[in-house]
Amino acid sequence: MISRFIEYWPVLWPALAAIAVILAVVPFLGLYMTFIERKVAAYVQDRVGPNRVGPFGLFQAVADGIKIFLKEQLIPDHVYTALYFIAPSFSLITAMFALVVMPFGPVATDYKSGFRFMVAPGIDIGILMMLAISSLSAYGIIVGGWASNNKYSIYGAIRSCAQFISYEIPLGMSILGVIAITGSLNIEQIVKAQSGSLLDWNVFWQPVAMLVFFTSALAETNRLPFDLPECEQELVGGFHTEYSGIKFVLFFLAEYTHIVTVSFLTALLFLGGWHFPGLPDPSGASTLVLALGLLVLLAKVSLVVMVIILLRWALPRFRFDQLMGLAWKGLIPLALVNLVGVAIVLTLGLPKHLLIATAVLPILAAYYSAAKFNASLESDNTLRNGIQPQGAVSYE
Amino acid sequence: MSESKPATSPKKKTVKWGQAPKLSVLDALYLPAIASGLATAVRHAVSGKPTTRQYPEVEPEIPPNYRGVHRLNRDEAGRVKCVACYMCQTACPANCIEIIAAPAPKDDPHWKDRDKFPATFTIDELRCIYCGMCEEACPVDAIELTSVYDLTGMTRQEMIFDKEKLLSVFDETVKSGRDPVRTNRGKLGPASEVAPTGKDAPPPPGRGKSG
Amino acid sequence: MVKVKVNDIEVDADPKDNCILAARKAGVEIPHYCWHESLSVVASCRMCLVEVGETKPDGTVAMGPKLVPGCQTPIKEGTIIRTDSAKVKTSQQMTLELLLLNHPLDCSICDQAGECYLQDYTYKYGNAHSRLDEPKLQREDKYHIGEQIALFTDRCVMCTRCVRFTREVSGTAELQVVARGSHEEIDVFPDTPCNNKLAGNVVDLCPVGALCSKDFLYKKRVWWLKHAESVCTGCSTGCSIHVDQNENKVYRLRPRENPQAQGHFMCDEGRFGFKYIHDDRRLKFPKLKNAASGVAATGTASQTSDLSFADPWPTVLGEVKKRIRQAIQNDPSGFVAVLSPLMTVEEAYLLASYIKGIDPRTKLTLGPVPMVGSDDLYPKGPKGEPPAPGKVKFTIRAEKCPNRLGVEAVLRHFERAVIHADSLGKSSASAWYVVGGYSAGWVTESLDQAIGTPSLLIVQDIFPSPLSDRADIVLAAGSFAEREGTYVNHAGLAQAAHASIRPPEEARADGRILMELAGRSGLFNAMALRKEIGTNIAEFSAIAIGDLGEHGVRLAKYANQTVGARS
Amino acid sequence: MNPLPIDPKNLPLVNGDEFQGNLSQILLLVILLGTAAYLLLQHGLVKSKMMAIAGAALFGFAALMAFMSIPMQLEPIVRMCFSILAVAGAVAFVTARESVHAALGFATAVLSACGVMFMQSAYFIAAATMIVYAGATIIIFLFVLMFAQKSQLQWYDVELKNPLIAAGVATCLLFAIAWSVSEPGEILPVKLDLTRPYSLSVPGPAPGEGMPPVPDPTMSPSQLAEFTPAKTSGLGRSMFTDYLLAIELAGTILLVATLGAIVLAQKPERDPS
C-alpha cells in the first residue's frame, strides 16, 4: 500500500497541497469576508465601519473570531442533541467539499506538472459534482432547523427546503446551456473554451443563463435578497436561532464559503475564468503567467463577490410568495426557453451568433408581464369604477 | 347637510381610488431598478461622507436637559438635602429607588433643624429608566438627573448607587459645571416657598362673592 | 327615629345623634377634628360648622341665622342641615386657613401624611393659599411626652382629643393644654409622662401628625402599607385590629372600630406586642429527628444552597402521618394531643377531627392558658383605682390568649370534656402532639412533667422551647399575622382574622399543616371550614354563615352575656 | 490526448478487489441481516426493546463478518465502511419511529451508496444520485414531513403489521442481489458498466469531434472488453436509444404516481347539504 502511495506521489501531493490551501484559506477568507462586508456596508450607509481593532480595523475579524470561539457553548434543553451538533458541521463540510472540483486558479491540462490550483482535476463531470454537493448543503439548514425544536427554526428550515428545491432547477438548467455549447461537464474544458477574445466568454453567448444562474446562486447561498430562511424580522434568526458560539460560526463560514464558490463558478462559467484578452494561455506555461492567470481569476471573483455584497444594500428582501414566483414563473421558464434555444442552434447547426438573440428573452418576458399587470390594473379600475364606496364621503 | 344636497352637487367630491402606476417594460425587467440600486450603493460607498461620530475622541454635545445619572443634592450646610419623604420611591415606575429613613440625629447640632433624613438612599441605575419622575416628585429638589451619560460599570453591584455615591455625583457635577437646568438648586421646594403676597396673592376665600 | 333633611336628602336618624352622625347616615360628610364618637363634645375646632334649621309645624322652613357646630347640635324631627351652601363652604375654607396658619406644612416628612385629616380636608374643603405674612410660629418638638409618643407641637390643631382621652377613657389625665391663644400647646406635667397602658391610642386619635408613635416613627410611609382585618391575640378581649404590613413585614397594629368587641381602642400591650413575629429565633424549618431512614434532620435543605430548593414538608408530613398512625395503633389511649388556646377554631377542629378520626380512644387536651394578674379596668380613678362597675370603658384581660372558649367548645364536642394537659400527671402518655403558638415561654412545669420523654413527641410551634428541643418532629408553624381563622373572645364573640403576611422561610401556617395532615384536598379556606364547623358542632351554629363580617358573630351560648369593652 | 504512464486499471481508487467469500458465507450473511432486520422492525413495540437490542447486535455481528471477509487494504476497508453505513442507514430508514429520522436514515443510505460509487469511479451515477435523491427527493420528503407531520405518532409509525413478511422478502432480494454480484458475468448477459467513464484515464474526444461510439448488444465479449464507453453523452445516447422503452416506462410510472399523489392529497369535497 505504501509503495503505491510513493508511486502516485507526483499526482497526490498537489492534491494534498491544494486541500491544505483550501482548509487554511477558506475559514480565514470567511472571517475576512465578514470584515469586508461590514466595511462595504458601512461605506454604502455613510458610516465608517469597524475601525478600532488594528489599523483600519483590520484585526476586527480576528477579534470577532477569538470572541466567538471563546463564547459559552450553549445547548438548549429542548434540542435533538445529536442532530443539533451534526447540522452546522454538515453545513460547512458540504460547503468546503464543493471546492474539491473547483479550479481556483489556472489548471494545466497536464496534471502531473507540479502544483495546480485544484484538488481533483480532470473530473469530467466536475460541474455536476459541484451541483450534487451543493445540493446537499440544504441538509445543514434543514436538520439544524428541525433539531433546534423551535418554531422559528422550523419555519426557517421549511422555507429553506422550498427555496433550495425551487432554485436548484433554474440553477441547473442555466448551466446546461453553457455545457451544451462547450460540450463538456468538465470545468476546465468550459474555461478552456472561453480562451481567446472577450467575445468567447460565455456571458456573451448566454446572457440569460448568466442572469438566471447568478440569481439562483444568490438564492442557493441564502444571501439577500433571498435570505428568507434566516430573516431576522420574521423569524428571529431562522434556522440558526438556537445556535451560538462556534456552532453558529460554522453556519456562518458555510454561507461565506458558498459565496466564494458561487463567485468562482460565475467567473469560471461565464466570465472566462483565468483568461483575459491579450494574456497568454496560462495552462502549462511559466510560473509568472500562471500567477497572472491566478490574479485575473481572483480579480473576477472579487468583482462578483463585491457585487454580491453590494446587492445586499441595493435590494430589499423578497416576500416568500414573490421568491417562489420568481423561481417558478420567472427563472425556470426563462432558463427552459434559453436551453431550447441552445439545443435548436446546436442541433440544427445554426450559426452560433444566433445565441446572442436569447438576450431578447427577458425583455419579451418583461413585456409580457408588464402587459399582464397593466391589464389587471385596467380590470381593477373598471371593477372599482362600477362600485362607488358606500356612503361616499364628501369633501367640501 | 350633505344629505339635503343633490348627489351631483359640484361641491361634493367622491372618494378617489388610489391607483397603482402602470408598469413599463423596463420596470417589469427589474434589471434597471437593480442597476440603479447598485449605482446608489456604489455612489455612497465611493463618495459618501461618513456621518459617524468617533465617540471617545469626539464627545457628543449633550443637551442640558438630558436625563442621565442621578445625583443627590446637598443643602447649604453640606448635608444631604433629601428629607426621606419617599415621594421619588413612590413615583418611580421602575421601582429602582430604595430609601430607609431615620430620625435626624438630634444631639448633633449640625442636624438640629432637621427631623428626618435618609439613612440609606439607593438607586439601581441598571433598573432605572431615566424618566425623571423622581425629580418631578421631589418636594425639596433633592434628587436630580444630571447630564452625565457615560455610565459604565464592571459589575452589577457597582451600578447600584448608594447615598455617598449619589452625593459624590453632585460634588463632581457641581465642580465641573454640569448642573442640570430643570430644577432650581439652592431654593427650597415649592411647599416651603414663601407665599405670594400683595397683588400676587390669590383672593381671600369668600370675598367678591354674593352671600 | 326622627326625620331629618340633610342637603335635601331625607333620612331617619336616631334622636340621640348629632348633626354629624345624621349627615353620615345621609352619606354626607361633615368635616370635623375635635369630635370623636367615644369622647365628650367640646366643639372647639369649628370645622363642623353647618347651617341648621327646622321645619315649623305649618311646613315653612326656618334656617338659623348663624352657623352652628354640627357636633354639638342635637337633632329633632324636621331638622334641616345644609352643608353645601356658600356660607358653609366659606366657613370651612376660613377655618382651614386659620388651622394651617402656623402649620409647618412638612407633609413630606410627617408620618401622618396619607391618613391626615388636615391634608384630606384641605384638599376637599380648603383653600390652597395662606395669607400669612408673618413668619410661622415654630415650636419645639416634644419627645418627652411619653415612652411611645412624640409630640410635634407645631403640627397640632388643638382639638384636644388626646387630652379628653386621657381624662375620660384611660382616666390617667397626663395630657393638658398649657398657655393660651396662639401659644396653646399640649404638654404633660414634668415627671409624669403619658405612659399609661392605653397611651398608644392618642396617636390614632390625633387627626393630624402632631402625636406620632415613636415605634413607627419614619419606618414606612403609610401609603405603602397594606391592611388586613385581624384580631389581637394578646388577651381574651379580642380587640379588632388592622395589621399593617409591607413586603411581608408588619409595621404596626391599629385598632379597628368594633362596638361588639372593644370599641375604638386597644391597649399598648397588644399594639406593640407583635414584634415577636419577626424574631430571628422563630422556627423556620420543620425538623425531623431520629428519622427511620437515618437522616438526622431535613428541613434545612434550602439553607445549604440558594439554588437548590427542596421542600422539606412532604417528607416531614409523610413521616408525621406515619408515626401518628403507628403510635395510635400501638397505644390508642396513650396518644394525647394538646390544643393551644391560641389556635383558631378551624385549626382546633382540623386537629381534633384528624386525631379522633384515627381512633376515638385518643385523648384531646387543652394546653396551658396563660393568666397574668387580674383584669385591668379603665378609666382609672385619680389614685389609680378601678372604675365602678358599669362605668368601665376598656378592659385588659388577665387571660392572655384569644380563643380559650373556641378551643374548649371544640374539645367539648370531640372529647365531651375539657381536660387540661397540665393536670394529666407525670409521663402519663406514650405519644404527644403538642401545639404551641405562644409568644413567650409557655411550657409549664406540670406540662413538662406530664409529657416526660414519650416514644413520640410532635411539637407544632413558632419558637424553640424545651419541648421542641427534645421533640422527634418539630413543625414550624405560623404566628397570628400569618394565620387565618376564627377566634372566640371572652364574651363568645366569634371574629374572623385574616392572614396578612407569609410565614418566614419554610414555616407554614398551622391551618395549612393540619389541612395536609388531615389529608384534606384543597387549600386551607377558613370560610369553608367555618361552614363545616357550624353544621357539625351545635355550639358553633352561629358561624355557619361563613362570612362573619367586620364585627363578628356572637355564639348563641353567650348571647345573654354583656358585650363590648364596657363589660 | 496524452497517454498516461499509469494503467488506469491499477489505479488505487479505481479497482477494488473482488469479494472473496463463497456462496455459503454470503447466504449466512444475508440470513443474519434478514433476521437482524426482522428483529429491528419490531422496534416500535414496547415489549420488544430486548428484540431491538438483539437485532442491533445481530446486525453488528453481520457487519463484523462482512468486514472480516475482505482483504485488509485501505480501499476495500473504506468501501466496506461505506457499505455498512448504507445498510445501517437503510435499517434506520425502515425502523425509525420519527419520520424525520427515517428520512435522514434514507439520506445516509443514499449518500453512503454514492460513496461506494465514487470509490468505483462511477462519478456520473454518484453525482446524479446525489442530486436526484439526496438533493431533491429527500429534501422534498423532509419538506412535506415538516409541513404535514402530525404532532402525534400514528400507529403505522410505531409498529409494522407484518415484519416477518417484510423481512422475508427483503432477505430473498438481498440474497438474489448478493448472489448475482458475486458471480460475475453469469446473471447479467453483458457485464457492461456504462456508469464508469474512466475519467482519470481517458479525457474523451473534444467537443465537436462527433458523437462517441455506443456499445452494441451484438458485440462479442472481447469487443466489449476493448470498448471504452466514456463520456456522458454516450450514456445519454444509450439511454435514449437502447433503453428508451425502460426510460419512458419509468417516466410514465412517475407521472402516474404524481397524479395519484395529487388525487390522494385533494381534500374530499364537502357535502353541499
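The chains carry the letters A, B, C and D, assigned in the order they are written, with residues numbered from 1 in each.
Everything that follows uses one rule, which is that a residue touches a chain if its C-beta (ideal position, glycine included) is under 8 Å from a C-beta of that chain, and two chains touch if they have at least 3 such contacts.
Everything numeric in this text was worked out from a predicted model, so none of it was measured.
Centroid to centroid, with C-alpha atoms defining each point, chain B and chain D lie 71 Å apart. Separation between the centroids of chain C and chain D, computed from CA atoms only, is 87 Å. We define each chain's centre as the mean of its Cα atoms; on that basis chain A and chain B are separated by 50 Å. Mean C-alpha position of chain A lies 30 Å from that of chain D.
The touch graph of the protein chains shown is a line. Interfaces, counted as pairs of touching chains, are A-B, A-D, B-C. Of all the residues in chain A, the ones that touch chain D in their complex are 1, 4, 8, 83, 110, 122-125, 128-129, 131-133, 135-136, 138-139, 142-143, 146, 154, 157-158, 161-162, 164-165, 168, 172, 182-185, 189, 193.
Interface of chain B with chain A (complex): residues 2, 11-15, 17, 19-20, 22-31, 34, 37-38, 40-42, 44-46, 48-52, 54. Chain D meets chain A in the complex at residues 2, 6, 12, 73-74, 100, 104, 107, 111, 123-124, 126-128, 130-131, 134-136, 139-140, 142-143, 146-147, 197, 199-200, 203-204, 206-208, 231-233. For chain B in complex with chain C, the touching residues are 83-87, 90, 101-103, 106, 115-116, 139-140, 189, 191-192, 195-197, 201-202, 204-206, 209, 211.
Those residues of chain C that touch chain B in the shared complex are 86-87, 90, 93-94, 97, 105-109, 113, 127-133, 141, 143, 152, 217-219, 221, 223-224.
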